[in-house]
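One chain, chain A, appears in both complexes that follow, with chain B as partner in the first and chain C in the second.
Up next is the complex of A and B:
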């Protein structure tokens, strides 16, 4: 490190303001942010959605999304001011000296071209390398980030490789011109925890090997703790706190940062399974699938009254399919679903209104679970009208009472459309809709995974309170073990359509485990900055003993 | 019903605001449509002569008495153009409405029920669309005989195939949403799902398509009338008015072009409004 003004300062942003266009005109979303990045340094940008972290990340490339503009401030990259530079000059830098890794690699790759063609495009267009050289380089890089079969993988199309591999290929592509700076925009958010590890390791190795500086954007403090040398906490387009990773984690100065650090500490005391009681809901030997492919193999699980059963597993493990069987959307080919000891008709349209009413569902994406043309009153009022026959002022009163219960001010929210609500508020409305039916069991399908950590925690606390108030049973489908730890009484681990392990929460979080449970548990990032190193070392040690803990697609 | 989904709580104020921000093309289109609607509604009051009244010699030139002359039977052209708005536009409007009723219900059914209903409706529509619609309409009208009712039904059925395709396609995007699944799991009936969950979400493209379809129906009616199988004499209709007076063109008289221009102007006007509406609903800002 030379002096502060010295030439090892790569990026220097001063007083950056960014405006977004709304119906009423320009609205400031980033209110003057300063940022310094030295060569080879990894800076973590963290904050909830709407904090402006992605917008700032893109601004580091002198780029503003459609409908946004960089309204004030300076962005100096390697001594050159980018905000006032002509577009052609900026374009020369992008992909060449600054590159970008998007959240969804699947959406960022062109599905019509092979990985190799897309890899080579950057270096060839920028005149860094010839095609043949670029191909040799690609294979070398694929090998360095531990992609399987590096010689051949480049000749596949994006849909032929897994999500985790694609995200790593994307990282390799970002490195193709050996840029000085890479902006990673939530590169692992869309991945399973088990896959995330490999991607994090690959990104860190790549950045270290070439001494590349990086801006790592995420909403997960535990992830950024593994990656960054320094962390900037953002909120509402303003800097909350900035500091060295270890220092910030051990001694946060601001209230908001402390809240972010606290989020994984919410715990519900485990309640033991009541003895000799008929479970309220039971799946018995269920086998089900779509067409010729069987997704669930002989799955059995029980949900008891006033208890929460968490079903965990990575994507494709069949946990959502299990929910579809229970709700009657997918009739099983074998086995049955019992409610209070009585078998339920396999198809939902054969079930009675009362059977439907007692079993409600809350969805993962509140955006698609609410009809955008229906106002809150209608959304919550319809089940009341449909199941309980309420109407007129009684109906309106009950809707208001339900809004109170989910901690939303009735006067403010009763007339709103879903488009006028935030993600967390939408999810609360979905909860109210389920509650309106006065159910006994609620299936929660990844209800918090689309939400910011702080908002998600609020939802979990709400669900917990409602459970005691209304004697509800929950089946909690999730891939997030922090959620399981927080809210579950019992845990069911699913892998490739089978239940591999199940039992009370306390047992499930104490070894020994089934290999898959172990993989799942150990893959959950912790706030400790040394966690990833330790984990990788442990896994390498285990591999020597012949126990390979790796996600299926790696 | 105690609660409805589309309560227009703030709509009057929004409509005014929307109108104030509309571009000149949309305003022009709306003005044209307004003029046509007024002409259609108040034809007897506006037109100087009756619709079928013979008031002068054949093919009289433009004069003070007959502002755009008389036709092949000596009827006042201006009066007939004004009455034509009532007949042609009115019938076109009814036909389009019927086409949308049939097409959108069939499309919603196909998208919501899927399975054999979708196959049956889809393949029937394929068969209907395989035959050029004007020729098909001519064929059927020759068989069933030409009357206004027959014509409305035939064109509506033929045109509903396009509406079906559009409705089915846009509904498919909505049917897969979780809120539709949630309504099904609640135990809602078919009609509720179609009317309350899907329809409000596909209304915008349907309204836009209504404008375009209206133009096509309008042109089809005029074409049929021109060929003698549409609106029958002596009812004033722009299509047949062009045909009846077509000979004048050879003498350099532009009178027969006036009903044709009336058709063209309305088509342009409707399209301007539809364009603007599409732009608004697609969320594009400029």
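Up next is the complex of A and C:
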């Protein structure tokens, strides 16, 4: 199909400006972006949070979130201008000719209705097909994207289906009216790497089979390299650079793009485990669980002084439960936790203040780990009062010194509330709070996974510097192998509550591996645009030999 | 499904336990009142000997726990004893009164529940519009006045000035339904005004609370109309809190109508309980209290069960 200009342009955005409402009035968040998308083309939008990529993706549907407005520019979809079109006209396009795949399918499926009802809603409401036809079509699509049990899965409720499968079901739902354009908004960000592969493959198949154009939004350059024909790099609501995928990856023009490509290169030199030293922290044969279900099975691991042990595994593998046992929040049913060779009381409230002080924790979500009503001084000051008995001017001085250590200017930040900080700054405050207790061991639970890559890297570098400065030991819980590669000395791989492999980093990243380690390692996306094809081909080959590498989730 | 049955059984057992505790409290508080039934019957001029004789006749000289279980046993079989005031069977006395109160409560509920649901849904649909503000302030105003005040205003306007409806609702067992509906209209409206605000605001709040959920955004991006989004996507997920507020308000209709019944001289339980209290007709007061407790427990039980049924996570476990 061609339009009046004689090309096959599907979407043409010119000078798009988007504003968000703040207390002081309207604040511009996207400052005039142009975007062209041809039929059947996949365009990647990449950038850190706040770059405006989701907002632009939604604007392509003529949609602005509550509290936002499309303030200027034109959005032409298939020759029709959407910004000035009446809401009813836009509504007829949405879900029909342009559809949307959300970041978290678990949250974007309505918990009150079966998958099939939600799948059929679009086609029936838009008058594309009748209910019976839509159901047959759904089963056909479910089968094409390799959902298990395609005949029956549609008749389950969202809570009865795993995250990876839901995300694929949502892709199928987006295809239900055979749209011209699908907006994928970070569709794999909430998934484990092992699950991500299947979803990426399903999305690519679906888009290729029907020749659908797509806007693929992500902050992960390696993922977008697999999916997109062309990439637009965005920052602070402005285009940084745009280009063909291969060309942009091999020859980035702008400094910012180069930074994004560089991030996975930060490496800490591996330090060998000291000989004949009592480990500072040890889990010995720990079995633990919630109620009747056992989550950890006979887990043993050791953390030595000034070393970083990374605990990796997908969600549900028991990594965070291990941290809960160590901190005494969850007493184990068997086994014990030793500190400097001495057993620690199983429950935190039986531990002495000093035992508590030496073991601190940093959490995944700095947003929820900070009390929104407490100012920075209070947040960092509390452990200083509680553990070290500081008060008055001494306390304030120490808080300022800690802010210096985490590279935040004390005068600017000491009186701020968490709401006045960015995600990375919040995580730095959480680090300062842990550091305030003058600990020997810090448990870091996915501390970088909620952050943008560049910000995350800053946090990793900070943690590395603090480790040397204060002789800290880290237990680094993560599902991200790039983080492991960057910061770990030793690696412990967990799968379904058991330790499947452990050893120095260098050994873990060289074959041969345990099957699960292999799956985990091979699932980490690489910048090479051919990586996914190669991986899928390799796995298909392995499957022929009877070796199936699959995540627990699928 | 087994899980649901188990949960319903648990709730039922809890309800029975609550009822048992309430009966204990009722019995104990009546025991603690000075004087007893025998003194009440014989009046102030009675000699201690005659009182003691009557106590023996009535079995009041036996220990309290024996009398309690006897009373409870009789209650369980539907025998509420006799009224002291007019010697009639309480069951008989309660029969028409309870029916009258339930009729009035049901009448008000049939008007109030759909009305407040509709008002609440519409308010959510047109949030922050003039309509929304109007409904909010109107319902708030009506709940802010004491019900006897509203009742007298209604009587002054609709019964005295315009003479559309009677000011006194004298119904008997023989009154035909249409006449009953006509006569009880004013009290039903007063009750509706009292309970609508609460239910309407909860409906609105429960729906609006969900409007920021990702699945509502998804529904909008599927190109659905606002109406369908609210009715099909938000409402089913908002049911549990709404059901609970409705149950509380319905219980209030049965238990809290006392004032309205007195204003309209309506022959319901409220009138009866007030008469009985003034006459110190203790067996009747006990029976009424137990019926009120039973109403609360049953309606809340029903709300619990309906909330469970509205939640697919409980209905269809993984």
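In this section, the second predicted complex is superposed on the first by the 548 of 554 C-alpha atoms of A that agree within 3 Å, B and C clash if a C-alpha of one lies under 4 Å from a C-alpha of the other, contacts with A are read in each partner's own complex, and residues count from 1 in each chain.
The rule is short, and it goes like this: contacts are C-beta pairs under 8 Å (C-beta built on N, C-alpha and C of every residue); 3 or more make two chains touch, one makes a residue touch a chain.
Values in this document were obtained by computation on a predicted structure and should not be read as measured data.
In the superposition on chain A, A:136 makes contact with neither chain B nor chain C. Shared-chain residue A:267: touches no atom of chain B or chain C. Look at A:347: by the touch rule set out above, it reaches neither chain B nor chain C. By the touch criterion stated above, A:437 is placed in contact with chain B alone, chain C being left untouched. Once chain A of one complex is fitted onto chain A of the other, the partner contacts of A:363 are limited to chain B, with no touch recorded for chain C. Contact with chain C, but none with chain B, is seen for A:122 once the two complexes are overlaid on the shared chain.
Of the two partner chains placed by superposition, only chain C is touched by A:65; chain B is not. No residue of chain A is contacted both by chain B in one complex and by chain C in the other. Chain A contributes residues 58, 61, 63, 65-66, 90-96, 99-100, 102, 104, 107-113, 121-122, 125-126, 156-157, 159-160 to its touches with chain C in the complex. Residue ranges on chain B touching chain A, taken from their complex, read 2-7, 9, 177-179, 181-182, 184-188, 196-197, 200-201, 285.
By the touch criterion given at the top, residues 21, 67, 327-329, 348-349, 351, 353, 356-357, 361, 363, 365, 368-375, 377-378, 381-383, 385-387, 391-392, 395, 415, 433, 437 of chain A touch chain B in their complex. Residue ranges on chain C touching chain A, taken from their complex, read 212-215, 217-225, 228, 232-233, 236-237, 310, 312-313, 316, 318.
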